[in-house]
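Once you scroll down, you'll see the structures, which are given as structure tokens.
Below are two complexes that have chain A in common, paired first with chain B and then with chain C.
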Partner chain A sequence: MSQATVRIPAPLRSFTGGAAEVAVEGDTVGEVLRSLSEIHSGLKQQILTDKDGVRDFVNIFVDNKNIRSLAGLESPVTEDAVIYIVPAVAGGGS
Partner chain B sequence: MTASGRRLQELKRAVPEVTAEEAFAQQQRGAVLIDVREPDEVAAGSPTGAQRIVRGFLELRIEDLVPELDKPLLVMCAGGARSLFACHDLQGLGYSNVCSVAGGFGAWGSQGLPIEVPRVLSDIERERYSRHVSIPEVGEAGQLTLLESKVLLVGAGGLGSPAGFYLAAAGVGTLGIVDDDVVDRSNLQRQILHTDRRIGTPKVESAVSTLSALNPAIELRSYALRLTSANVEEIFSGYDVVVDGSDNFPTRYLVNDACVKLGIPNVHGSIFRFEGQVSVFWPGYEKRRGPCYRCLFPEPPPPELAPSCAEAGVLGILPGVIGTLEAVEAIKILLGVGDPLVGRLLLYDALSQSFTELAVEPRPDCAWCCEGAVIEEYPDYELFCAVHGG
Partner chain C sequence: MSPLRAVETASTQLWLPAVLQHELSRFAQASYPLEACGLLVGRAGDTKIDTVRVVPARNLNLERPEDRYLLDPQDFLATDRAARAEGLEIVGIWHSHPDHPARPSGTDLESAWEGYSYLIISTTADGAAALRSWRLVGDRFVEEAVEQEDTEP
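Let's turn to the complex of A and B:
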């Protein structure tokens, strides 16, 4: 299994005890995200749908590419890959 | 005969000449007419649609303007002598289809061919924008473009403050500012357009007061209202770029939808605590098909995942970084220089002091911007966000 680093965006850090990065093992992005949600319960429903898709207000990137343009949650994860979770953020500092 | 007279005789044999009427006809068919006279001569009038490059910079600048060596070029001076020398130099560079306009601008004028008085920088403008004029990618022409440009700032808050400051300073000729809020004491930690004394006054009023003090020559238009489906097109129409510094999802989606529909580039920035996102949503960008905001985020998140700055907090300097990056993108788009963040999402993390660039592609099935998408009317954004907000 590959070891990947998942970058947790600030809006989701309440689910990771404040951690900005979590190291997780998995051979696909889906495996990594599912094991991440086992470590930090509550994260899953913020990122994944019940039908095991990515929620529409979140994008997952592996190696700086959107998994939607790759193989979705089946996209392979190589050793030391960095996975970004990017949620929609509205704030403009008003 | 003088030496220069002899040389002109030689050049007349080496360089084809056309009459002013013929030059006009060729220009209409796509030939590039280049006026090589000095700025003070050009200031009194120059052929309509002509390119103006002073003789001294002709060889250095022609390739940027006309990269194709076989493109038909017509060179004009005041009377037809300097243009012969200029044509000879262009031939030396490899341009194969070069003609000199016999009789020059004098003949053009006496034939009643169309003339325009090109806008040039005033002495005060030349001084104010001298550091722009010195940059080859901007120059006098670029600065004139900025002065003729119109940018709309959505929000005069954290992001709109630095963007407004820099765009006004850069000489963007018309700056519109939309905001329905009033200045609050808690804004002053980051919204540097406003001042302590202006607490309680409308933000657009405060912004106009600050920006007109910085650059009194630009036109500032204020819209003290909330953008809605009903007013968005009337407000956006005529602007070259929209800089989104709004603070809520209904406005984000409305800005996106109106920009896509009207073909206006949407410079996007958003902030959360120590992190920011910047991109340019512009499906109509000519160099590559970019995504719209809905391609990236088809739906807004539920409210518990989307706390506002008031709830979540934000480092006061963060909008300074992100709003400034938005201003850079706006200027690049207006000038047509560099590579805009179209199809690229830039993440900034102040804590690790790092930038990350992520590729974002258009969604083939995007409900708003995909080919064949029928844009009829804007949805009810409050409802859209509330429904998806669960």
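Let's turn to the complex of A and C:
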């Protein structure tokens, strides 16, 4: 199992007791995010869908790459990888 | 509207030095009549949000760039990394409302997150007209006071 660091954006830190980074083990992004959700319950429904996909409101990056352009939640995680949960930021004037 | 609701404001204040306020107006106005968006970088305390930098970002909404924005997540990531290297954080989001008031729209509400300051700049053909900040509390926005520091820290 690889040890990865998950970077938590400010709006989701209420689910991690204020922690900005959490160290989690896993060999794929999905494994890491599921373990993370076991450590910090409540986080799962913020980032993952019931069908085990990534919610539309977040983007997951491994190092510099969006996992949507890789193998999604099956994307491999190497030792010391940094996984970023990036909130989708959108809106408008009307 | 009840009187109680009318006086309700956020428990935080956004500190935005005049020099950054001007920079922001320039960014916002440069995109007029299209929307501009970006990030606020600084330090978030319990009651005081200190803005150290304003960063422009790409708007990926190419279908309705005149009244919608979708901030490029790659820009978010790059800004977060640079901020972190300096011991700073992304503390808020800014975007412009071309020819609309500096109040959050229904679209803003749908995609808002708690824990960020949402700074809105109203832009017009004659220049940036108003700048107001908002925070999501539960299922609605409350206004956050914008304070201006006259001197550099």
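We take it that the second predicted complex is superposed on the first by the 88 of 94 C-alpha atoms of A that agree within 3 Å, B and C clash if a C-alpha of one lies under 4 Å from a C-alpha of the other, contacts with A are read in each partner's own complex, and residues count from 1 in each chain.
What we mean here is this: contacts are C-beta pairs under 8 Å (C-beta built on N, C-alpha and C of every residue); 3 or more make two chains touch, one makes a residue touch a chain.
All of these numbers come straight from a predicted model, not from anything done at the bench.
**Student:** Tell me which partner A:S69 touches in the superposition: chain B (first), chain C (second), both or neither.
**Tutor:** first
**Student:** Please work out whether A:G53 is in contact with chain B alone, chain C alone, both, or neither, and reply first, second, both or neither.
**Tutor:** neither
**Student:** Figure out whether A:G42 sits in contact with chain B (first) or chain C (second), or with both, or with neither.
**Tutor:** neither
**Student:** After superposition on the shared chain, which partner residues are touched by A:P9: those of chain B (first), chain C (second), both, or neither?
**Tutor:** After superposing on A, A:P9 lies in contact with both chain B and chain C.
**Student:** I'd like to know which partner A:V89 touches here: chain B for first, chain C for second, both or neither.
**Tutor:** After superposing on A, A:V89 lies in contact with both chain B and chain C.
**Student:** Mind sorting out which residues of chain A both chain B and chain C touch, each in its own complex?
**Tutor:** Dual-contact residues (chain A): 9-11, 20, 57, 59, 61, 64, 66, 84, 86-94.
**Student:** Can you list the chain B residues touching chain A in their complex?
**Tutor:** 155, 157-160, 179, 181, 187, 190-191, 244-249, 252, 269-275, 277, 296-301, 305-309, 312, 314, 318-319, 323, 345, 347, 351-352, 356-361, 363, 388
**Student:** Using the touch rule from the top, collect the residues of chain A that touch chain B in their complex.
**Tutor:** Per the stated touch rule, the residues are 9-12, 20, 46, 55-59, 61, 64-66, 68-69, 84, 86-94.
**Student:** With touch defined as at the start, can you tell me which chain C residues reach chain A in the complex?
**Tutor:** Residue list for chain C touching chain A: 35, 37, 44, 61, 64, 66-71, 73-74, 76-77, 80, 89-91, 93, 95-100, 104-105, 107-108, 110-116, 118.
**Student:** Can you list the chain A residues touching chain C in their complex?
**Tutor:** Spelled out, the residues of chain A in touch with chain C are 7, 9-11, 13-14, 20, 57, 59, 61, 64, 66, 84, 86-94.
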